[in-house]
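To keep things clear, I will list the structure first and then write my remarks on it.
Chains: A, B and C, in written order; residue numbering restarts at 1 for each.
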Amino acid sequence: MGEVILEIKKLSNFFGQVCTATNLDLKIESGVLTSIIGPNGAGKSTLINLITGNLPVQSGTIYFKNRDITHLPIHKRVRLGVCRSFQIVNIFPELTVFENIMIPILTMAGRSRRFFTKTTQEQESRSRAAEVLEKVGLSNRKDTVANALSHGDQRLLEVGVALAVNPSLLFLDEPTAGMNPVERVRLLENIRQLSRDGRTTFVLVEHDMDIVFSLSDRVIVLHRGIILGDGNPEEIRRNKQVREVYLGDSVGTA
Amino acid sequence: MLQSIVHVILTGLSTGMFIWLVASGLTLIFGVLGVLNFAHGSFYMLGAYFCFTVLKYLGANFWLGILLGPLCVCAVGFFVERFFLRNVYHIALPYQLLLTFAFVLIFDDMVKMVWGAGSVSPPGLATLSGSIEILGRKFPVYNLFIIAVGPLVALGLWGMIEKTWWGRIIRAASSDREMAAAIGVRVPALFTSVFLLGTWLGAVGGGLAVPYVGILTSGMGEAIIIDAFIVAVIGGLGSLKGAFVVALIIGVLSAFGARFFPVFDMFLTFILMAVVLLWKPQGLFGGSK
Amino acid sequence: MKKPWGTLLIILTICSLIGLGIFSGRFLIYLTIRVMLLGIFALGYNLLLGRTGLLSFGHGAFYAAGAYGLGFFSLQVTGHPLLAIIVGVLAAVILALIIGFFCVRHTEIYFSMLTLAFGMMVFSLIWNLRGLTGGDDGLVGIMRETLSFFGLFKIPIKTDRQFYFLVLAFFLLSTWVVHRLQNSPFGLALAGIRENPNRSEFAGVDVKNYRLTVFVISGAFAGLAGALETLLESNARPFMAHWGHSAEPILVSLLGGLLSFTGPLVGSVFFIAMREIIQRFTENWMLWFGLVLLVVIMGFRGGVVGVIEGLAGKSQKNLKE
């Protein structure tokens, strides 16, 4: 608890003329549930893309557990323990729910290079997959093909695939968007629980202020690629600049 | 020596223009519709055969052949797009490619059935025949004509796409199909029109090839389509400018190759494509229109 | 899963194949060998296409590598069939490693075009290097010597009927290997790459590496088929590397069903049966084949296997992508 797990130095990113990240310096501490908020276009997704490897870094450095991961390919970062879920459902559509979860589990267990064993015999991975399904509440859907799921279930699967990697640092990009209240509450409870367990540090991107303020230990406010505010929920609530930005813009809940 | 070089360049340019004509249609169709049309070579071939038929039975008037032949091919193209291709746009790439490939098989055999399995020779044409002396050696007038036609087509296409209303809609629809439909563009009809234009270009290429090659066979589509593909890919799939430039380069290089290093003839275009793709995966002008 | 049905079917098929080898006439034997060769080629190929989603137009190059590899070895070193086959497969594997290394860094169309380019380069090379490869005549005079294991037992494969059983053995082996592969964790990862390469990266999968691996594996099967065909025909020809030949496993897999394991096998039977039948009636068998292809793509994208599964009342997988 409290040790720096991720450190970003002077991270900048331009899409042509548009600057989505300006000289960002940021530290994430392990065990501290962090939320990143900001109006649309603030650069939240860009930041996650840069950290997790979906976007190449133009300038700046990223350290994960004191290792320079700035130019590492995505799968290597994942292996080290940095992972994410996506805002738009990004799963394996024609595979079953169970298969969706098995892929990251087998891979992280170092077993997906096995040519000759049968997937049906990988008992350890199978039971871990069942655990993950339990956590996101999809156990009774495990043999359903992913694109036959309801939207809410797909979003649960989306988070499930990310959880299955069992990362030390997990970025969840608007995980509860499109879920009904019951699913939302359950997922957030699970996140809170997992965060307390200490194995995974969660960073959430969210628009729903209730979630942000009730769940997070720390809130970071991004606006136009700059960090506008950084502190615990109370401090952010009282921050003048933040309030201006949010009163000026309409905050949409997804 | 200079004479040889100039002649080789001119020959290369005329070959290159043919490849450009075929590649232009291919690139246009890919750029807007996202489909790589294997059957494009067949449209080229059909263009040649229809033109030949006009020449044979409606009098050896070259211009009539060039006018009517490609139009007939457009009818075929309409049939293909409207009833088959249109239904597979949203499906994975392999199926689209295989659909167009199925048409290659069909058209190849149909040509054999209608015009015979052997080769056919068009009647001699008076228009644009004969040669002109360049640097002391004769060079066919027809080839010069082709060298002139190529840039005209390029200019015409550029004008249509950049300057007309139709062109603007195409550019919009090719970058965001759904959005275009949402603002009222009749995307299916638009796509059909683009496909027809592309097909027409390929067919014109075929028609123009009739006096150039002298002999038509059912394999002529295959020969040129590979070159056209390579040109389109090297130039950057979807880039007309790229296709034009690369077609000329390849034409001239092939001519030099054929004249001075015959062994590497077949090899050359493939190596070039591999090298370019490995260096610049999007092709030389990839990403632009 | 149709467990009891499935096993019964397999046993029946194997028995029929053995029975066919013992009892039928020479022509049917020859035809069945060709079906099995195409089956090996297509089965390996479909690991790349149906399973991983990569469309290669250049696999004929590996088929030819197997063929010419076996040919050169047989003519220059020793005609021992198993050794020669192994050499052929090795040649295919090495070529696939080299070509694959360059191709798998690209995706979709560019991947396909690169494989086309490399495949045709190999074709040109074989065609043009007459002195070495025999040009368009190819390598000739490759004999089927007796299989012997350390001088202990000798199995003649001179006649087609005898050779049939060797091919059958390789065919069954290949089928078993591909089946195990598909149901392994590796096979699952491949399916993931097909469905969503980006998410596969985020699941920790080194996508380029896996693509290369399956590329090489499918190349190995192509090489095996090529080597066996060379033994069958005593001849290795340049056309094996041509994109027209590379298209065969694609058509066959599509016909049978891209996403099913038995698809390529069923497709091979249909393809060769159709070709034989149609050729009896008309020269224009390509036309008919094109029409069949059209029908399959427009209406029956699951291929023959898809149709059968649909009729059997199973849930047909939704094939819109």
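The rule is short, and it goes like this: contacts are C-beta pairs under 8 Å (C-beta built on N, C-alpha and C of every residue); 3 or more make two chains touch, one makes a residue touch a chain.
Given the structure is predicted, the values throughout are model-derived calculations rather than measurements.
Of all chains shown, C has the CA centroid lying nearest to the centroid of every protein CA atom. Put simply, the chain farthest from chain A by mean CA position is B.
Chain centres here are Cα averages; for chain A and chain C they lie 42 Å apart. The geometric centre of chain B is 33 Å away from that of chain C, both derived from CA atoms.
Chain centres here are Cα means. That of chain A falls 49 Å from that of chain B. Counting partners per residue, chain B has no residue that reaches two or more other chains. Remark: chain B residues 36, 84, 87-88, 90-95, 97-99, 101-106, 108-110, 112-113, 117, 226, 229-230, 233, 237, 263, 266-267, 270-271, 273-274, 277-278, 281 touch chain C in the complex. Within the complex formed with chain C, the chain A residues making contact are 52-54, 73-76, 78-79, 83-84, 86, 90-95, 99, 102-104, 106-108, 111-120, 122, 125, 145, 147, 161-162, 164-165. Only residues 49, 53, 55, 102, 105-106, 108-110, 112-114, 116-118, 120-121, 124-125, 127-128, 247, 250-251, 254, 258, 283-284, 286-287, 289-291, 293-294, 297-298, 301, 319-321 of chain C touch chain B when the two sit together in their complex. By the touch criterion given at the top, residues 180-181, 183-189, 191-192, 195-196, 198-207, 317-318 of chain C touch chain A in their complex.
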